[in-house]
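In the part that follows, the structures are each spelled out as structure tokens.
What follows is a pair of complexes built around chain A, which joins chain B in one and chain C in the other.
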Partner chain A sequence: MKRYEVIIVGAGPSGLSAAIEAAKKGLKVVVFDENEKPGGQLFKQIHKFFGSKEHHAKIRGFKIGEELLQEADALGVEVILNATVVGLYSDKEVNVKIGDQIHHYKGDTVIIATGASENMVTFPGWTLPGVIGAGAAQTMMNLHGIQPGKKILMLGSGNVGLVVSFQLLQAGCEVVAIVDALPRVGGYGVHASKVARCGVPFYLSHTIKAVEGKDKVTGVVIHQIDERFMPIAGTEKHFDVDTVCMAVGLSPMSQLLKMAGCEMEDNPKRGGQVPIVNEYGETSVSGIYAAGDVSGIEEASSAMIEGKMAGVCVAEYLGYIEKEERDAELKIFEKDLDSLRQGMFAPKNRGKKIEKTDEGIDISTNLLEKGYVADDEIERFPGVTHKAGVHPVIECTQNIPCNPCQDACPKKCISTGDNITYLPFVKEDAECINCGMCVASCSGQAIFLVDEDCGDGTATVTLPYEFLPLPQEGDKGYGLSRKGEKVCEATVVSVKSVKAFDHTNLLTMRVPKEYAMKARFFKKAEV
Partner chain B sequence: MNTVIDRSKDIGEFIPQPDDDMLICRCEEITKGEIRKAVHDGMWTLTEIRRYLRTGMGLCQGQTCSRLVKGIVARELGVSPAELEPATSRSPMRPVEMKVFGKEEA
Partner chain C sequence: MERIAEHPILGAKEKGREVEFTFDGQRLKGFEDEPIAIALKANGVMIHRYTKKEHKPRGIFCAIGRCTDCVMVVDGKPNVRTCVTPLKEGMDIRTQDGVEAAEMKEGEGA
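== the complex of A and B ==
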């Protein structure tokens, strides 16, 4: 039996973060992961993260994964892959299946960072090949470069459903609809908007009636449901699809903790069966900690901070650092975590209907019901202003903890005020030099550079563009509205791709000037 | 949780439903109707259901269906799913072949 000071189960964002903190203090750390690659879900995340600098904001998920792995490696953390932990006991003995053998390890402390698994909903046909989880779709696209299907219906409008829908579009698939049983879009409005402006329709208060097909999916029927989730007759809609993707929530994979005798609770707010933990993740069994989604479904950014907390706690538990040092570090992590847990989508606001922003502005109801801000709603938000010449138009309309835009502008044009969740606004006296850094830095792809009147009856709109093949200067096509409908003719003026934009290309299109505030996406004319 | 179940509660007769033939536990091929019937046969805890029907004892070890089974049993008993104690977790957490499980490092 091998002995380690810390045994960590799960090499995802929280497990690796815990390993790094513990190894920094000098502890001997091993991390087991059942997968062939480390990083958990991070390597499937090709979008830029939200938050502030401390939360790795505007860095793409897989990059964060690479950084964590490098750091862990440099600190001498042992990461053992294809290693399935099959047993955990209260005396911190860990049984691991590696190859064709069971190995026994003993940890002075154990951190469980096993994450979560996807929920499923049932309907006739749900076991047909072609009905898949959103996680599977991401694995196929982003790890293996395979399209999960050609025509796809997404069930679930939370952030996972929205982000994966956008990635499906990027992979060249057609997303025929995003369907959700709830009456409002569950994820960030900016994620919904970037999918909506590509022309994907949202069906809220709808669910799947049945999936059709004999030995694989050939179609799907959805229907509307009432407030009590009962189907409304006569509202059926049929779509020809070959794939139905489910993004209907996650459940913590907490079985190891239960096996070890940790006190558990069924907490719907945390996503199901979770260990009862203190604010730093310590369970009822002394020396066993839980970090990340396993102790409550949140996101990778908070999972990383929870991992760091557990790492520092085990260092103090084993006497590597004093209580004072631990408390000083925990205080910083608590502050970071607290700032992520602010805003409309904070865990404390889950399920609440929020009607006004912190600034007292009415929320866009169209955004919640259809996935995009209506033309008559957009003007009331502070980031949407008008002036002569090129200037930023920030279509950020919900209080979420994110602020890379304010650091992006070299002229300090943009501010989110004192609070990370406030809506960004453009400072009146600041000068815009049309550099595009704000457009590329916005993780929600919600910033546009607009010149409303070029003097010849046209306007230019610069938008973030993350699709291939890239349009070329001079290409003709259409300006699409926020809803994704063709509203005007458009010509590509330029496509800028520089390293600082980190793969977000800036496409500038010329449109008739009356569409300066309406056209928000470009679609090339089919030849 | 862990409250003693009142076995004298009347949950009524088993009433067939149109989707009773829908598969819930894919690994062990157990339908919604079989799970509902099991409740009426007196299997009121998830552990009992598991032993009676083998739900969640296949390849995925309940990763997909345990939440679904819990929901069906809770609805049949007229309680909230959170009130039902989940089935026991024990090693091996993932399916392991006996020849591997029995082969311990020296």
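== the complex of A and C ==
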């Protein structure tokens, strides 16, 4: 039986971070992952991530995965792919299925970083070909380069539903609606807004009545539900679709920990069955740790920190570092983690109705109910200010753990204050040089550069644009509102694509001056 | 379903060699080493199998080898998860009916 000082199950952000930390301390580490590619959730994610610089924010998910892997490689971590761990015992024996064979390994310590699996809901027709999971949609379009469908209805408005909807639009698919049984959008407002401004309607307090089709999906009917989730008669709406995509939550994949005899609990704030762990991820079985989504559904950023914590703990457990060194490092990680776990989407606030931001500003109700901030709500947020000449307008209105905008600006125009979850604002003495870095760096695509009055009755609006075909200078079309409705005529003034923008093109459009604060997307006129 | 020729973030996808395979006797084309399910999807095939008891159609659901909805008979071997099995030149892929492959309909075939 092959022996390792640390066996890590799962090569996602938490597993790889744990491996890197442990290997840095000199431990012999192996990582098993069932997939053909390492990176866990990351390698399917093509959007720029939230968080701060230390958490690889504004880098696209799949790139973060590649960076972590390189680092692990350089430190001599052994990563074994296509290897499914099927057994874990309290004496830290690990059974791994590779091909048709079961291999046995023994670890001095084990870190479980298996992440989460997708939940499902059932409705008439849910087994028809064409009903798929959100992860499946990502796998098809982002890994294998094929459209999951032509016309798609998304069930679920959490971050996964919102992010995948945007990715479907990027893949050239049509998203006919985002539907959620809850009365409020579950994910970040900025993710919702970037989908809404493309014209995708949100149906909150709605659910699928039935999927239609004999051999495959040909349509879907949704209906409204009341506070007790009972359907309201006469509210049915039909859509012609070929695909229904489910993004109805994730559950920790904690089976291995249960198998090893770790104490478990059912904790809805953590997403389901999770191991009972101390603040550094140690389970009730000495030497077995859990890190990342498996011990509570969160984010890649927190998963990486939890992984590092576990890595440092096993190093001390095996005597590679002293207790003092461990505690000093853990303290830093803890502070990091705590700063991420603030704001309205923090685990401790899950299920709570938050009505005001930390700054005491009323949250946009339209954003929660329809996916976009209404024209009469936007002015109350600190990122939205007025000035002569080109200046940034930051439509980021909820407390989320994110701050690339602050780091991006060479003129230090933007700040998120002392706390990563505070709302970004434009500093009063800001001298914007119209470089566009903030627009391109914003993970939420929530920053616009606006010249409200060009002196000739027009205004210009610069927006992030990540679709093909790319409009060209001189193209004529329409300015779309935050809701995605045509509100005015618009002409493309310029389209900038430079390497530093990392595939986010900056489209500047000219609109009538009255629409400077209303037009937020461009749609080319059909010829 | 359509392959994405060029993606705004990922660019053009590198594909393997184009290969031929058969689906229920019908000659189709796909790219070597992509999952069988993707090649089928690109050819518009949605139904991978019929359930044993109720004869209900099933297709790709999870696309990562977990749900078994996509299993088919590949080169005579039933219950192959086509979403995680690489396509090879000349593969014989058949719709799975219960555990047995669906009988080839008359007039079909190469």
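Some observations on this one:
We adopt the following convention: the second predicted complex is superposed on the first by the 527 of 527 C-alpha atoms of A that agree within 3 Å, B and C clash if a C-alpha of one lies under 4 Å from a C-alpha of the other, contacts with A are read in each partner's own complex, and residues count from 1 in each chain.
Definition applied: a contact is a pair of C-beta atoms (placed from the backbone, for glycine too) under 8 Å apart; a residue touches a chain by one contact, two chains touch by 3 or more.
These figures come from a predicted structure and were not determined experimentally.
Three-chain overlay on chain A, with chain B and chain C fitting side by side and no clash. In the superposition on chain A, contact of A:128 is made with chain C only, not with chain B. Judged by the touch definition given at the top, the superposed model places A:170 against chain C, while chain B stays out of reach.
Of the two partner chains placed by the overlay, chain B and chain C both lie in contact with A:117. Using CA centres, the angle subtended at chain A by chain B and chain C is 60 degrees, rounded to a multiple of 10. By the touch criterion defined above, A:273 lies against chain B but remains apart from chain C after alignment on the C-alpha atoms of chain A. With both structures placed on the common chain, the touch criterion links A:410 to neither chain B nor chain C. Once the two complexes are overlaid on the shared chain, A:389 sits clear of chain B and of chain C alike. Contacts of A:97 after superposition on the shared chain: chain B is touched, whereas chain C is not. Of the two partner chains, chain C is the only one that A:148 touches; chain B does not reach it. In the composite built from the two structures, the nearest CA pair linking chain B and chain C is 5 Å apart. On chain A, the surface patch touched by chain B in one complex and by chain C in the other comprises residues 34, 117, 127. Taken in their complex, chain C has these residues touching chain A: 1-4, 6-10, 13, 15, 34-35, 38, 41-42, 46-48, 56-66, 69, 83-84.
Contact residues of chain A toward chain B in the complex are 34, 84-88, 95, 97, 100-104, 117, 119-120, 122, 124, 126-127, 251, 253, 255-256, 258-259, 264-268, 272-273.
Considering their complex, residues 34-36, 46, 60, 117-118, 127-133, 135-136, 139-142, 144-150, 170-172, 215-216, 466-468, 470, 503 of chain A touch chain C. Those residues of chain B that touch chain A in the complex are listed here as 1, 19, 22-24, 26, 32, 63-65, 67-68, 81-84, 86, 88-94, 96, 99-101, 103-105.
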